[in-house]
Amino acid sequence: MTAGKETDLWYAVIDEERQDRTGRPEAVYCEGKTLEQAEAVICRMREKGIPVLATRACEALALRIRGRFPDAAYDSLSRLLSVGVFCPAEERRGLVAVLAAGTSDLPAAREAALTAEFYGSTVRLICDVGVAGIHRLFERLPEIRAARVVVAAAGMEGALASVTAGLVSAPVIALPVSTGYGAAFGGLSALLGMLTACAPGVSVVNIDNGFGAGYQASQINLLGEGRGVPK
Amino acid sequence: MTAGKETDLWYAVIDEERQDRTGRPEAVYCEGKTLEQAEAVICRMREKGIPVLATRACEALALRIRGRFPDAAYDSLSRLLSVGVFCPAEERRGLVAVLAAGTSDLPAAREAALTAEFYGSTVRLICDVGVAGIHRLFERLPEIRAARVVVAAAGMEGALASVTAGLVSAPVIALPVSTGYGAAFGGLSALLGMLTACAPGVSVVNIDNGFGAGYQASQINLLGEGRGVPK
Amino acid sequence: MTAGKETDLWYAVIDEERQDRTGRPEAVYCEGKTLEQAEAVICRMREKGIPVLATRACEALALRIRGRFPDAAYDSLSRLLSVGVFCPAEERRGLVAVLAAGTSDLPAAREAALTAEFYGSTVRLICDVGVAGIHRLFERLPEIRAARVVVAAAGMEGALASVTAGLVSAPVIALPVSTGYGAAFGGLSALLGMLTACAPGVSVVNIDNGFGAGYQASQINLLGEGRGVPK
Amino acid sequence: MTAGKETDLWYAVIDEERQDRTGRPEAVYCEGKTLEQAEAVICRMREKGIPVLATRACEALALRIRGRFPDAAYDSLSRLLSVGVFCPAEERRGLVAVLAAGTSDLPAAREAALTAEFYGSTVRLICDVGVAGIHRLFERLPEIRAARVVVAAAGMEGALASVTAGLVSAPVIALPVSTGYGAAFGGLSALLGMLTACAPGVSVVNIDNGFGAGYQASQINLLGEGRGVPK
Amino acid sequence: MTAGKETDLWYAVIDEERQDRTGRPEAVYCEGKTLEQAEAVICRMREKGIPVLATRACEALALRIRGRFPDAAYDSLSRLLSVGVFCPAEERRGLVAVLAAGTSDLPAAREAALTAEFYGSTVRLICDVGVAGIHRLFERLPEIRAARVVVAAAGMEGALASVTAGLVSAPVIALPVSTGYGAAFGGLSALLGMLTACAPGVSVVNIDNGFGAGYQASQINLLGEGRGVPK
Amino acid sequence: MTAGKETDLWYAVIDEERQDRTGRPEAVYCEGKTLEQAEAVICRMREKGIPVLATRACEALALRIRGRFPDAAYDSLSRLLSVGVFCPAEERRGLVAVLAAGTSDLPAAREAALTAEFYGSTVRLICDVGVAGIHRLFERLPEIRAARVVVAAAGMEGALASVTAGLVSAPVIALPVSTGYGAAFGGLSALLGMLTACAPGVSVVNIDNGFGAGYQASQINLLGEGRGVPK
Amino acid sequence: MTAGKETDLWYAVIDEERQDRTGRPEAVYCEGKTLEQAEAVICRMREKGIPVLATRACEALALRIRGRFPDAAYDSLSRLLSVGVFCPAEERRGLVAVLAAGTSDLPAAREAALTAEFYGSTVRLICDVGVAGIHRLFERLPEIRAARVVVAAAGMEGALASVTAGLVSAPVIALPVSTGYGAAFGGLSALLGMLTACAPGVSVVNIDNGFGAGYQASQINLLGEGRGVPK
Amino acid sequence: MTAGKETDLWYAVIDEERQDRTGRPEAVYCEGKTLEQAEAVICRMREKGIPVLATRACEALALRIRGRFPDAAYDSLSRLLSVGVFCPAEERRGLVAVLAAGTSDLPAAREAALTAEFYGSTVRLICDVGVAGIHRLFERLPEIRAARVVVAAAGMEGALASVTAGLVSAPVIALPVSTGYGAAFGGLSALLGMLTACAPGVSVVNIDNGFGAGYQASQINLLGEGRGVPK
């Protein structure tokens, strides 16, 4: 069979114009790619000068990439791997609050937080404020209300999203997490709960999609900053 | 075919010993029965002196029964029909708090409240305390904390159960309600959310099963009262 | 049973502080309420001077309310009923683009558009730009790119959200619609498709929840306008 | 990113007031936490003098904790780990009967039994009384009827809950177990069966949630004892 | 378009050889057929001398058919319509016991009973023996044990099948019924419960498929009678 | 709000180029459109000379359209409405065989057959050849084998697709139908069965999507005819 | 906690009367039991002289048991382990035909065949007669028609059950198998297909429940033999 | 038990007539077969001169087979194993375009491509043309439009099928892939999205069924070539 393209990277097409169209470069989704494929895609992007954020990267890939690129950074909890810088730390703006209902929700919450930072937002990560001990949420309300956007990460019943949205004026991005067992059905219970939140001002991303939550939170945050204004 | 019993009520068997075994008489589930069948069952129970609580009774059945029994009472919101008295109002004891997250959850909540009263509990019904405006719940906390058992009725994401269970020492019976649309899936979302509540002290009944919630709440309440002690 | 409150509106609690907490007044969800309950809630809110947006209102309710309040407005396609004004038309700001994939998606799309207007946003509704004839979407791209937020309403497979998010820098609020039959499963197919959109920058609301999409779109839009900044 | 709290335990907040609010201290859910996180949380709680019940603890964690705390106890069947004592054995009161339909349901049933003991209840565990040989249940009825609360743990079709509730006056907490294969769908079949039990007096906890069943059984049991009365 | 057959009944093919192949004539499933189609099929079968059993027949069809065939018989509860006789009443053999858990399960149970009779079995219908009052089942055990095959019809959690199969040596055909609401999911809960019955000796037919249960019960029953032996 | 287009048909965009891109004009999906909207869309298409095939059209729409266009044709079984001619009957080519497992599957099968004819294929509709009487299928095999493409319409378990695909060399388009009840789940059972057919050479369209099956069958059929060759 | 029984086998109750009640001894379900528990149960049964059939037994258990009981037999394909003899080979009667659609369905089919033999039936196992090559089924029809009961084991779409039931007069026990991937959903697709089989004379057991299919097939088979007649 | 056939391959029946009936030889599905079974089936087919395509073959099987047959070929990405040649490379005809939305979709896409080649089609594999960067699809449109059939492989929301079908006149075989996580539900989301595609001209195969997609694509392609015409 022919692949129709004379190139050494026949299985992938770098979307070089993504940043022009959407204001942010393409990220690399590593699951389902072989180590070789993921590595080749990252290298090609770096050759073209595109800063890379790779999601769901395993340790083995991180090792390879760090061997090649000294500026690569890997966070094993969230499995995020970055190479190069899209927005320097000192230019981050606005404020995104990322809430995690419990310690077990940290991997997804942290993915959201690091993603929002990568794309240029200042982030505050606020942990273990689930509704079983709701005073813990109230204690952090001033910090949360200071944010332009809130990400609420929770597993099990995911009630944190509804409760938070009833308390703040900022938009809430709900991030259902696969924490839990039995009728949690791998995050489905939290997902449905967040989609049917009784308080308005909530929209939802895929289960465990910390990247998507952080990406959109940053889009919204910087809109408020007067940056990231759409073309 | 033969039904194997020479009786005019071949299609139903009154469980006369139910009260001896479980401390409470059998209730009549009207859905799926013809008007004639439901009426005949109720009459037979009254002949035997058993006080009747009939659930999901339609207006037409209520009309027929009230025509026959002057002491019949019908509540159209909850569709509960009672004939005869199991526990006189002045002998009700303890306290069951029934919470309804929103006005749309009232039919189920009211079924729970009236059922608990029928079986001998004092009941307080507290409406519209959903988590979208959580101060409304906090304002009623003293009343709720006075109860021996709490029923939390909610549709949509059903977060009321988790939040309440984190605030009181009484057991919480969660009553998922079919309020909502789309991903609420006829109460499934609330059901799953309540089953995976992050706060302990919650158990759950079937969607819209106000009868079941009120029944068990009364069982528990009167246990605390030193009545209804099991044999 | 006691309801614990000496008031004529025992079944509902107006959340008067909602606007203080979240910047916008409470809306009224009419499904599951009797006509009398819905009417009483709206009247009470008007007495307190709160502008009312009532969702999923039937014609009969609209008739009653318009008989009482000359400034009531009803849109039969989206079933939105408003009484009073939260933000005068001349003070609307920013731009929300609401896309409808097909004519059958209009009821939900229009609910989103009218909601965003109610809460103070300028809105452009762009119809019949589904991906089966994708040039129709491209023709409208300049208008869409002018918006600070995009709502993408679609039923069936809901591909409009993914495609749009790959073309614009604004955040996309995906609104799955129950258009379709068979494996569309009442909007579930569109919902899942939008949650797993291959392009980042998408978050999702409940099926047919035009109100929720319009509400959050307006939150985000006005953030970009320097208004609606959270406290 | 900032976590907003200058502390060595930024990822967890001990809910010290839980016992004041709900009469019982917080338990630790170990799944989804790293060994280090779980250990740190337990240590912090012990520093504050809070007795610890940790659920779903693996052997490795148990080893670490027992190395630090000589009074730690681990049950490998139920994966419960306790450190410190909430209620001394000699002060246990009332009676909770925990039924297991089959030997394969023991891990969940035992988690329920040990949890109820931890929180101060006397417990009787009655094994292998599933309905396939229903005389085994009848033989144990006197013991079961002596209890103030019954926990019925069963997998497959979960019929034990319905049958038991028709035979006793005590409330039944149904505990669906993931025993079975195929259409058992990891406990879903038992869960649905218990939610739709034809006998009243049943409420249900999450699949395999022995902790939740034991917790609520103890709440109810001690209510009957005149203890654990809500504030 | 052409239908490829020159006949007045182009949309249906009478399976005249069915009785030769399977020992019993074809039945007519009326749902989804127009009145005209159903009537024409029945007439054609009668012309060929085939005795007809039509399932899910509405009143209107019954009226039409009884107008044409004086020996037609219609049972409105089960919606079974028969024309002609496959096995005369005096030649019925063996014994099939059809159990109905509750009065609401009668339509399906009766369809099973009448079907088994049509195909030549003696039938005993035993009503209201659900497990909530299990003594009612025990009282009828001698009658049930006299049967060669047992059909157990139940909605809600469907526990009747498991309990019965543990008490008799005959094969049990479980017939899940759509009785119930909420998590009963239109009979799904009973279906799953019966498929995962903890007692062996149970097989299951489709929800509300009284016809299928009665058909197979009769097959088995007559096998025991030395009739209906396969070719 | 503005719709951004100065036109009397702001809610719909006729995809005039569809025929250029895909070789066939756009069809009109009537469900979810008001009568006025559907009528306006059809009129606009006729003004532009586009032949119209409208699916899921109700009688009321058919009446209106026939009042305006004398060449409109309506088939009430399949609810197809056509105005104008895309391919004259005498120019139809090739052969599509449309199989219906039972008479109840006719509405969907007929929609497939009429659609394939509209787009230029000769069609043979072969009814009541379900696998319960498999000789009926074998009798028609010569006709079926004469076709270039086979559409297999079936409800319930949908086995017709597998069996047919094992007997012919032509591609089989499987059309699951919502015939059946209980575990048929509105066609889901047939859909899953067809997707997992054990014989290769089967692909599947949406439940009850006779239009889609006929459309693709015609595409394939005419490819074999040397027409409809893609650009 | 107390287990309420002074015995070394507190976690299991041998149902010694099972054979009296149901004509066959209890089988041992090994999944979810520890090796020690399973071994102890088998030993206790052997002490009481009960012949043992253990299902889903792993190799390790088989090793242990064969070390203790020289007459133990283990089949690794079906994971059946037997100790002792319920019915000697020379006393087997009647005929059960077990069909496997494909080679991949053998483990379940073989479990059915060996179970039916254990309980006293003569069995013929007929492999690889799936409907993709339907002539293979027709070639074996004489053998199949010689059986009193047919077990049809199939994965994927499970069409074998429908087709077979249309060809024989014996009852068909459908055995859905988890063979397949994707939309086979672990056997769900076959299960639904068999439940909605368009031919009467089919009942269904749980996915991969070869034991259940063989058990009931043997019950029915021996009924036809004049044995196993119920008490 | 007897298997009823005196042969060394009692568990499998080679369908030697498959090519006569369907124009193509049987393929071997390896999952669920032991290595020995799979090997024996392949050897028997080769003895009879049948060219073999084996799907889902593991490395171990490939090793064994290549040790025996020098002309065996194995592709580890798609797990396809072939032995012998059905159609020599130089006789391949027509054109099938296989599109993969992302690099992670390659295993399924490649299985489709290699299958279509095996059965005699010329194939072009076009990678990484997902809708997130839709210009990548437009760039390849001329190549895609040159094909007689298009296979569109995509995971996540699967929008590639709808978009492509709106742009080409060729039939599109949609191949849902299990790429993704959370609400992708192992390819279910893509499957539903493809079944409800808003553009006509799409039919769908099972999740990850690259073999089925390639098989039917080749059937259709060669129909257009004037070959593979059905008998």
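Going in written order, the chains are labelled A, B, C, D, E, F, G and H, and every chain counts its residues from 1.
As a convention for this text, a residue touches a chain if its C-beta (ideal position, glycine included) is under 8 Å from a C-beta of that chain, and two chains touch if they have at least 3 such contacts.
Values in this document were obtained by computation on a predicted structure and should not be read as measured data.
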Any chain in contact with chain F as well as chain H: C, G
Remotest chain, chain H as reference, centres from CA atoms: B
Averaged-CA centre spacing for the pair chain E and chain A, given as whole angstrom: 56
Where chain D and chain G are represented by their mean Cα positions, the distance between them in whole Å: 35
Rounded Å distance, chain A centre to chain C centre (Cα mean): 26
Shared interface positions of chain A, touching two or more other chains: 18, 102, 132-133, 165-167, 182-184, 188, 191, 195-196, 206
Listing of all chain pairs that touch each other, if any do: A-B, A-C, A-D, A-H, B-C, B-D, B-E, C-F, C-H, D-E, D-G, E-F, E-G, F-G, F-H, G-H
Complex contact set, residues of chain C against chain F: 98, 100, 102-106, 113-114, 117, 122-129, 132-133, 135-136, 140, 143, 155, 179, 181-184
Chain G-facing residues of chain F, complex: 101-102, 130-134, 154, 156-159, 162-163, 165-167, 180, 182-185, 188-190, 192-199
Chain G residues touching chain E - in the complex, by the definition given at the top: 18, 21-24, 27, 145-149, 165-171, 173, 191, 195-196, 200-206, 211-213, 215-216, 219-220, 223-224, 226, 228-231
Contact set on chain D toward chain A in their complex: 1-4, 10-13, 15, 17-18, 21, 26, 29, 31-33, 37, 41, 176, 178, 186-188, 191, 206-209
